[in-house]
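Letters A, B, C and D mark the chains as written, and numbering starts fresh at 1 in each.
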Amino acid sequence: MLIVMKPDATQADIDRVIGIIEKLGFRGHTMPGENRTAIGITGNKGAVDPTHFENLPGVADAIRVTKPYKLISNDLRPEKSSIKVGNAFIGDGSLAMIAGPCAVESEEQVFKVAEIVAASGAKFFRGGAFKPRTSPYAFQGKGEDGLKILAQVRDQFGLNIVTEAMDERGVDLVVKYGDCIQIGARNMQNFSLLKYVGQTRKPVLLKRGLSATLDELLLAAEYIMSEGNYDVILCERGIRTFADHARNTLDISIVPAIRRVSHLPVIIDPSHASGHNYMVEPLARAGVAVGADGLIIEVHPCPEEALCDGAQALTPEQYSDLIVGVKSLHSTITKTTTTQPELQTA
Amino acid sequence: MLIVMKPDATQADIDRVIGIIEKLGFRGHTMPGENRTAIGITGNKGAVDPTHFENLPGVADAIRVTKPYKLISNDLRPEKSSIKVGNAFIGDGSLAMIAGPCAVESEEQVFKVAEIVAASGAKFFRGGAFKPRTSPYAFQGKGEDGLKILAQVRDQFGLNIVTEAMDERGVDLVVKYGDCIQIGARNMQNFSLLKYVGQTRKPVLLKRGLSATLDELLLAAEYIMSEGNYDVILCERGIRTFADHARNTLDISIVPAIRRVSHLPVIIDPSHASGHNYMVEPLARAGVAVGADGLIIEVHPCPEEALCDGAQALTPEQYSDLIVGVKSLHSTITKTTTTQPELQTA
Amino acid sequence: MLIVMKPDATQADIDRVIGIIEKLGFRGHTMPGENRTAIGITGNKGAVDPTHFENLPGVADAIRVTKPYKLISNDLRPEKSSIKVGNAFIGDGSLAMIAGPCAVESEEQVFKVAEIVAASGAKFFRGGAFKPRTSPYAFQGKGEDGLKILAQVRDQFGLNIVTEAMDERGVDLVVKYGDCIQIGARNMQNFSLLKYVGQTRKPVLLKRGLSATLDELLLAAEYIMSEGNYDVILCERGIRTFADHARNTLDISIVPAIRRVSHLPVIIDPSHASGHNYMVEPLARAGVAVGADGLIIEVHPCPEEALCDGAQALTPEQYSDLIVGVKSLHSTITKTTTTQPELQTA
Amino acid sequence: MLIVMKPDATQADIDRVIGIIEKLGFRGHTMPGENRTAIGITGNKGAVDPTHFENLPGVADAIRVTKPYKLISNDLRPEKSSIKVGNAFIGDGSLAMIAGPCAVESEEQVFKVAEIVAASGAKFFRGGAFKPRTSPYAFQGKGEDGLKILAQVRDQFGLNIVTEAMDERGVDLVVKYGDCIQIGARNMQNFSLLKYVGQTRKPVLLKRGLSATLDELLLAAEYIMSEGNYDVILCERGIRTFADHARNTLDISIVPAIRRVSHLPVIIDPSHASGHNYMVEPLARAGVAVGADGLIIEVHPCPEEALCDGAQALTPEQYSDLIVGVKSLHSTITKTTTTQPELQTA
């Protein structure tokens, strides 16, 4: 914490600030400048609340310095975490492909996609049984019946199941039928839910909220980890901005930014980020190029008949093309960087 | 729904679109223009999913026309709703004042504030027993013990209690001890929680999410109402933008925008919107002037010692000054507008 | 400037930073903390560029402390500036009303509006002769002919003319025919133009850019003032956000934020902020309530025939109603605040 | 244009709208729906101003359908434009590399960088002689002396010079000394300047404004082209959002979005987008992967001594590494896509 005094602050103002710092058990360091005095605080173990100072007479600003996270930090664990999801890994240097329909609609639809996904070499299958929809009148998912279909996909195709839970009952069911609990963007700061999944021992795919800062995303992961579940995979899926040519703005710069401070793996969701079929492949390529650990892609056997988000789903043919492209890109990057991409960017 | 065809769309492309519209049971209206053909859809009862059309050959764009909400709409109910909260009303033309500390910290702290709030003529008391905090290491609220203190405030001062619930257990407790369930900004699209509070018969104060559009806010209210709970009060508490002089950007324009389409009352939270003590009073005045039905204000007997959000809390003296100012403003507006402010803006 | 070192920074890293600070002629203050060392800089007269430090080994962050503005600051001039525009003042405690059509279309149109504006007691008339239009194919304004019409308005009605200039030729013409040079939002960081108007001795109405921070707005004013023209009036006209119910999001919190650091007067433009006729009056009221020094409002004798921005223009009747409302509001605020509104918020 | 009527609109309201449409010389198509009537407009050659309808009784909404641009459109020119800049091309399928320092500081600095840039195989050199700085007290560039140094670089190293102009005098000088006029983000809607560069016959590098939509960027290009200069190269350099881990948010999705509607080439600026040295390489890779026609990169012989934006400049070594990486990436993409990348995304 750094307290910046106003140019006209009196010595009494400065002494008052120092007094409060000492009352809190810390030490204040006065630095008189040309125009104004600044006061540094040391001795604190975590972040100090700026509140204590911001409205005191003579104080111009109180600036946080220490970051409030611990477990996500590569100060604690310098090498990247490799997370086991079912029988495969995310964050081990390979490109994790998670593919499937937006929503589980029927056994037939799901199996058609699963066959293609398995054939492409992907190890993870996505599909929603619980759908967070903006309108209460939109299709809300098939619930436990949908999860049972997904469990069949695992049995038959050997794919590991990534699927969303929206509440505690949903978490219990995903723990029972799936391999990885997805927390959606709209629940990224549903702290009760984060604590609950933190008490399970299933890996968690945590999607960035629509207006979440880097720190908020990392602290949401910290919520899960502070309950004892260390298997968290972060996911960038686009943020909300003024730009209207895509449904959201894919913020690829968060990948190197996460690498710089955290050991957690991060994947990219070009389908939800763009909302448009024609953008998915170029954004997927960009995600691989920026150094993401994987991609999550929506595929539908017949997008124009999808019950949910059909505009962004790839056809099976488009998905197969995409796979060829991103694999060769990933292999080029791995070759041209002497070390892992993420170290390159640190 | 309006389908806009590309300039080079063929007759076959147009016929394909018409075919799909008819397959969905609707009627297509072709409008050939100078450069491109547009196709209108009629016969649909709700919104049509643009997905069905967006990626078809020859289609340039699919534009939604019908709004997906019903119960919140003043098409359904032209006069504004007046919601009973405990023994008082929000939305009845008076200015509802909801005041109290950010978090319940102790009986002493809460009672000190409650005395001032009651003396000011306010009818509602706020205070959090469950606190949604960005960091898992920050103070998380006193839980049920906090709610018991709030229940004492009601008994002793006759104030109606507005307090947040973050999950189903919390909702059950707020139903037991409080008068109005607050749903925080970070839970505005926690659809499971919205449905759960929709099944209670306590009024709900629904805060706008940090990046929620008007439609998303209204549809979150629609979630609650579609479960049978019609007592929803909306709350603008600032949105997330690039601007860095306030913690959030208070979007007062949403008040007339809500009035234009919905009968639900709307209040303003200048404390969370600004994050700065010195901004609370001017923003509160603006909220009243724009036609809000009430204000929710943070007051703390000693802001610099608050466990949560002290920087934005008013001292008791500042709160008393604010009350004088906003009351005279509200009375001026009521006088100078021949009808209710909200009708003025319609 | 505060340099925060990484937890694993070595003594050599710290010494390197201190060395660079000293090489720049400043003094470094080392503050060893529990986890990491911070280094304060004193002896600098202005802002230090964080560039010098950000990429050095062992450096986690470089945080600016000193603000880079001088002339706009109320450190320099504590009382608010009252700016003379023609024969009247903006910032003198009265509510300055600037009204007129978006664009000058014809003598008839302009005179019709001017008559109403003058009758309402307003002292300033607005109207664009040079129009910054998003499309090159939209109406671009009548140029010098338009300015001549505005000059007639001044002669005939005694109204002071506020009108936009987009380039140097335009500035020369506005200096010749008008009373106040408006710099539009899209030119707020057209630094060449700012310097050019800084060399004139006409007052300048500087509109906030669509995505300008408080500091950027103040520094744009500083550009004008640093050339010797101290008569700058700031204008909030809405910022660009994700919200889609209004054309822009009116950020009223910038009014108290400006008051806290600057002596310059600030006015509100509810017409451009909202883009919708029905929102103009409630936003105008909010602007007055938050403590603005004036309003700029679009009025058109027949909005549906306007060549530019008709959707937001008020009819003469709506404008007259608005005037009654905001005047009584301004008078209430002036009475209920023992001092000027702006001091209240400091 | 589509006019959506309110559910309670009367036949008279509908007739009034039709009347105005016909008065404007167009044709109205009434489409009665279950809940509300919509009215389509045909016969218009360009966009119709929604203003004419938005505030009429019974009208709920007026929705634009036709896009207002012409010359930038691939309706007009389906194949991508290849722009000649000096003796080389941008948009011809190769990866255009534009590199150099942020600002021209001295002959020595510029020549040191130019040597590296030329050796890397790049064909374009960047460097600012006129610098748009947020503060009037920051280094503003060396002006014509800087341009003379750049002209020497061209003579000695055969590099084509891309450099910014901020006003008409600057344009004249860049036309004299340089090969491509850069229009900075803050001037993207300086329409007078756009028209002026449109009258030159030098190619223009047009940077996207900080909060410019796709349509606004395209219309800014249209301004230049409508004056007769068709050689426009678009540049994405990050937009302003709430996200604080990078200086701006690089919006790579605009590359496929531009491809879908326009024939103009588009390049990526990862240096200004990120503001951080460590992010430049991963973002550059992402730019190539998403299908951009080139990159513009800041390089400085000694970034910590740069007079401007040193935090984002690459060292010569980092730049050489980047070149190796992006070249192999570009070659992989060209191979794995049977056609040009841009067609892939259409």
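Convention: contacts are C-beta pairs under 8 Å (C-beta built on N, C-alpha and C of every residue); 3 or more make two chains touch, one makes a residue touch a chain.
Because the structure is a prediction, the values reported are computed rather than measured.
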Where the centre means the average of the CA atoms, what chain is farthest from chain B?
D
Is the C-beta contact count larger for B-D or for C-D?
C-D
With centres defined as the mean C-alpha position, give me the chain C-chain D separation in Å.
26
Report the inter-centroid distance (CA atoms only) between chain B and chain D in whole Å.
38
Quick check on chain C: which residues sit in contact with 2+ other chains?
211, 240-242, 278
Spell out the residues on chain D that touch chain C in their complex, using ranges where they run on.
20, 46-47, 49-56, 68-70, 132-138, 166-168, 170, 186-187, 189-193, 195, 210-211, 215-216, 219, 222-223, 226, 240, 276-278, 303-306, 309-311
Any idea which chain D residues touch chain B in the complex?
2, 4, 6-8, 29, 31-36, 38, 40, 42-45, 61, 63, 65-66, 75, 240-242
Contacting residues of chain B [partner chain C, same complex]:
211, 213-214, 239, 241-246, 249-257, 260, 273-274, 278-279, 281-283, 285-291, 324-325, 328-329, 332-333, 335-337, 341, 344-346
